[in-house]
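One chain, chain A, links the two complexes that follow: it is found with chain B in the first and with chain C in the second.
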Partner chain A sequence: MTQVLATTVVVASLYALLAAGYVLVYRATRVLNLAQGDMMTLGGYFLFLVATSVPGQPVRAIAGAAALSALSGFLIYRLLMRPMAGHPIFAAVLVTVTLGILLRAAIVLVYTDRIRHPLGLLGLANPARPLIGGAVVSTFDLFTVGAAAALFAALFLFLRFSPLGIQMRAAGEKPLLASQRGINFHLVFALSWALAGFAGALAGSLYASNVRLDPSLGVLGLKAFAVALVGGLDSLGGVIPGALIVALVEVLSVRYGDPLLADVSPFLCLLAMLLVRPWGLFGTKEELERV
Partner chain B sequence: MARGGGYFKTTYAADLALVDTRLRRRALAAFVVALLVLPRVASPFILDLVAQTALAAIGALALNLLTGLAGQVSLGHAGFIAAGAFTTGVLIENGVRSPLVALPAAAVVGAVLGIVVGIPALRLKGLYLALGTLALHHVVLYACAEFQNHWGANTGVSIPPPAIGPWVLKGAVAWYYTLTLAAALVLALSVNLRRSRAGRAWMAIRDREIAAESVGIDVARYKVLAFVWSSAITAVAGGLFAYHRAFVSVEAFGFFLAVEYIAMIIIGGLGSALGAVLGAAFVTLLPHGLDALVAGLRLSGGAAYYLFPLKFGAFGLLMAVFLLFEPQGLVGIWRRVRNWFALWPLRYRPLRSAS
Partner chain C sequence: MTSILELTLPLELENLEVVYHHVATAIQGVSLKVQPSSIVTLLGTNGAGKTTTLRAISGFLGADNAQIVGGRVLFNGRPVTGRRPHELVRRGLVLVPERDKVFETLTVQENLRALVPGWLAWRAGDRPRVRLDQVFEYFPLLADRRRQLAGYLSGGERQMLALATALLCRPAVLLVDELSLGLAPAVIERLMILVARLRDELGLAVLLVEQNAGAALAVADYGYVMEHGRIVYDGPRDRLLAHADVREFYLGVGHRAGRKSYTDVKQYRRRRRWF
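Let's look at the complex of A and B:
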């Protein structure tokens, strides 16, 4: 029982990191970034890249990977998404689909599709840790939970108190009004993409260190997207309960049902949510009319 | 061809004709003759490529009905294809081998699935609808995977060639004729649907839903109808796919297949039947074209290894290029070229007098 709870929290943390990327981009630009999963993979490969050049220095490797990912998020906005301003939203969403394809192709071209384990390059081990109550998790599981908690705390403080964060919220609520008041919303949008890249890199590096790294990690992104919708696409706070619900359903269905159900249970949550409350647990209701 | 002249239709029959000018009739006749003659001159490989294109065109035409005409975005098209293919597989596994039963059964399953998706879809718009169909795709795939596991055939199920009585459909030439004919039928169906009451209602809903409702279109009914037509045709395409590949496996129907079909109608040109066919040809032939290119360049060493990611990347890049720079697709290019010739030496259409 405690094992179920522990696993749920760990899985939920990973989903929350990924879903934070969806929500940040969606709040700012109303675009659903279907490439978030592949941006996570990219983050994992950035870690691998930095770790091969500076082996044995985990802090610098992770910082380098996160910086590269944030930069790539910014570039993605500047090169691909900004030209789509004014086009139908769905066209922009399709551009993110093609972005995912391009990222995956680029990764396979450079690194082939071999499974890799950057953990050894970092010079770290990943021993199992028993918790109170008899549950066992790995060290990087704990790091994942810690990273998710830290990211959400930092995002909360940033959006609530810093001027740039307030500008981000304003631009997300009413872009026209915000730009009238002198907010440079292209900067704000670019920042959202950069933050989404950062969150993806965090998820990617942790998952790569904890489990493995291969070019098809992106499928996790589709599942995390159920998390964002259950919590409400425009609600950062909703991500946490959303992640916990989806992760719990997934863990329970693997434990008591059929392992095949694991891949589909997030989508069942998504469908149930769409039928009952399409705007999610904490989302804004008008959202549905705006798209 | 529009020559900037008047509207010279004097009878209802002329107005109803699908192919209305002499030039178009001749072009169509030449195209049909070319398709009929092709098996005599082309290699089985080429015939197979055309057959694959025709099969893809059926799916693309069906998706075009839903997304291009009715404006309902679907990311779950691969799910409908899987449903059709697996219906065929299940029937064959239970001893029903005739395609005359299997394909209509696939159509019925597709239509029912269309109702199942279409009714909840009434509440959802745009992005949320896309998400709903994406989720449904995964649910359908899960059902298929469960089924596949219960068969005890973990990798998939092989399908015998379709047989009607003593006649068995096999060989590249037979498949070529069958699939081209099927695609031609679906093309005629979709062109006619477009100009029927349903098609006009779909386009009205796509352009402005509230306006459509206010002129008396039953929006709910026609949206569900769009899902039913689209998914029924797609499921038939899935059944044909199963017979053609002679093998059904869940792995063939991933999210990427849905993306491929969306790419077809985007690259071809949204809302146009010609565009769907052109896009299907483009997306189907692109990897083979790249293969030929690489073979022609005679690159040595590990070049073959990079071929797969290159093809994958080229596909993504082309889709992005069309989305960013040519949202009208191949049909848009074709229309510009045609207008350029039709209007030459002028650049713009003359301003119409009131008529």
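Let's look at the complex of A and C:
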């Protein structure tokens, strides 16, 4: 039982990291970034790239991968999304779909589809840690939970109290009014993409270190998309309960059902949520009508 | 000879011409001047081109597929035509828009922080550095509601919040679009008096675009009347208040029985008819 709980929290943390990227980009720019999963894979490969050039220096490698991912998020907005301003949002969403496919293909071209384990290159081990109550998790499982907690705390403080965070919320609500207040909303939007890239890279690096790295990790992004919708696409706070629910259902279906069922369980959760409360647990109804 | 300093106006439009969708001319040959520390009002009915003029000044035409095809906008004596909106704000040209003027999902206090105050000014020392406590002094009501979501404010309170936020952007010139829209006469009067205080105490230059001529002329120093995209009449406040057509069509007073109908007046006859 404690094992189920522990695994649920670990899986939920990974989903929460990814779903935060969806919500950030959606809240700021109204665009569903369907390339979030592949941006996560990219983050994992950035870690691999930095780890091969500076082997044995985990802190530098992780910082480098995070910086590269944030930069790539920024550039994606600047080069692909900003020209889409003024076009239907649906067109911008299609651009993100294409971007995801291209990213995956590019990764295969450069790194082939071999499974990699960057952990060895970093010079770290991933020993199992018994918890109180008899559950066992890996060290990087704990890191994942810590990273998710830190990211959400930081995002909360940033959006609630910092001038830039308030500007981001303002620009997300009314970009034109924001520019009438001296806010360069394109810069703010690019920053939201950079943050989404950073969160995705955290998830990607941790998953790559903890489990494995291969070009198809992006599938996790789809599961996290279900998490974001269950929690409410416009609610950052809703991500946490959404992630816990989806992760719990997934863990339970692995344990008591068919492991194959586990892969579809996030989407069953999503389907159930869409039938009962289409705007998600903590989303706003009006927001849904606008989409 | 007047010196260069006296020639530098906070805001000046020279023969401005705006075209929508490359075909429809919205305003034509609009020239106007805003003197330092004065309120200038731009009057006109719906569709006269007032809002287009304001959008042209504040750099917002691109969003509507419109463009400036002639003339220029001078801000503190320098052409700013075609600059991006947020750059204009940072230089001190701040707009209070007609609608959508507050961030509804933010609290009043957050609204007052959701801005980048002007620092890109050439003579920043000349611009009033308005502080938050000063703003609460002008708008005591906002101080009481600072923790409330702006979406729950009434129309008058929203207008106050919009004015307050604009002040914190450190304007040199304040552009106000339809201050009176949808508000009760008593509220309009209070807001107009506030704008006059801002002019007198902060030395602001204000361009007040209004349909409500009576309320605007109560505080304005100078006025322009716009019809069909052109300035048809302008003058100091007292001359406008005394002008027969302005009195009849914009103030709704001074009508004499048996006088000319509105179709006889030159500006209204200009429209071409088929029959």
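One rule holds in what follows: the second predicted complex is superposed on the first by the 291 of 291 C-alpha atoms of A that agree within 3 Å, B and C clash if a C-alpha of one lies under 4 Å from a C-alpha of the other, contacts with A are read in each partner's own complex, and residues count from 1 in each chain.
Just so it is clear, contacts are C-beta pairs under 8 Å (C-beta built on N, C-alpha and C of every residue); 3 or more make two chains touch, one makes a residue touch a chain.
Owing to the predicted nature of the structure, the values given are computational and were not obtained by experimental measurement.
Asker: Overlay done on chain A, so just call it for chain B and chain C: clash or fit.
Answerer: Here chain B and chain C can both sit on chain A without a clash.
Asker: Taking the superposition on A as described, I'd like to know which of chain B and chain C A:M40 touches: first, second, both or neither.
Answerer: Touch status of A:M40: no partner.
Asker: Any idea whether chain B or chain C touches more of chain A?
Answerer: B
Asker: Pick one for A:L17: touches chain B only (first), chain C only (second), both, or neither.
Answerer: neither
Asker: Pick one for A:A178: touches chain B only (first), chain C only (second), both, or neither.
Answerer: So A:A178 only meets chain C here.
Asker: Looking at the overlay, does A:V188 come into contact with chain B only (first), chain C only (second), both, or neither?
Answerer: A:V188 contacts neither chain B nor chain C.
Asker: Report for A:Q167: first if it touches chain B alone, second if chain C alone, otherwise both or neither.
Answerer: second
Asker: With chain A as the corner point, what is the angle to chain B and chain C based on their C-alpha centres after superposing, as a multiple of 10 degrees?
Answerer: It is 90 degrees after superposition, to the nearest 10.
Asker: Kindly classify A:L32 by the partners it touches after superposition: chain B alone (first), chain C alone (second), both, or neither?
Answerer: first
Asker: Minimum Cα separation, chain B versus chain C, post-superposition (Å)?
Answerer: Least C-alpha distance: 14 Å.
Asker: I'd like to check the shared interface: which positions of chain A are touched by both chain B and chain C across the two complexes?
Answerer: On chain A, no residue contacts both chain B in one structure and chain C in the other.
Asker: Would you pull the chain A residues touching chain B in the complex into a rising list?
Answerer: 32, 80, 83-84, 87, 89-91, 93-95, 97-102, 104-106, 108-109, 112, 222, 225-226, 229, 258, 260-261, 263-264, 267-268, 270-271, 274-275, 278, 288-289, 291
Asker: Touching residues of chain B toward chain A in the complex: what are they?
Answerer: Contacts found on chain B: 73, 120, 123-128, 130-132, 134-136, 138-139, 141-142, 145-146, 149, 255, 259, 262, 266, 305-306, 308-310, 312-313, 315-317, 319-320, 323-324, 327.
Asker: State the interface residues of chain C toward chain A in the complex, per the touch definition above.
Answerer: Chain C reaches chain A through residues 58, 60, 63, 84-86, 89-90, 94-95, 97, 100-106, 110-111, 113-118, 165, 169.
Asker: Enumerate the contact residues on chain A facing chain C in the complex.
Answerer: The touching residues are 86, 163, 166-167, 169-170, 173-174, 176-185.
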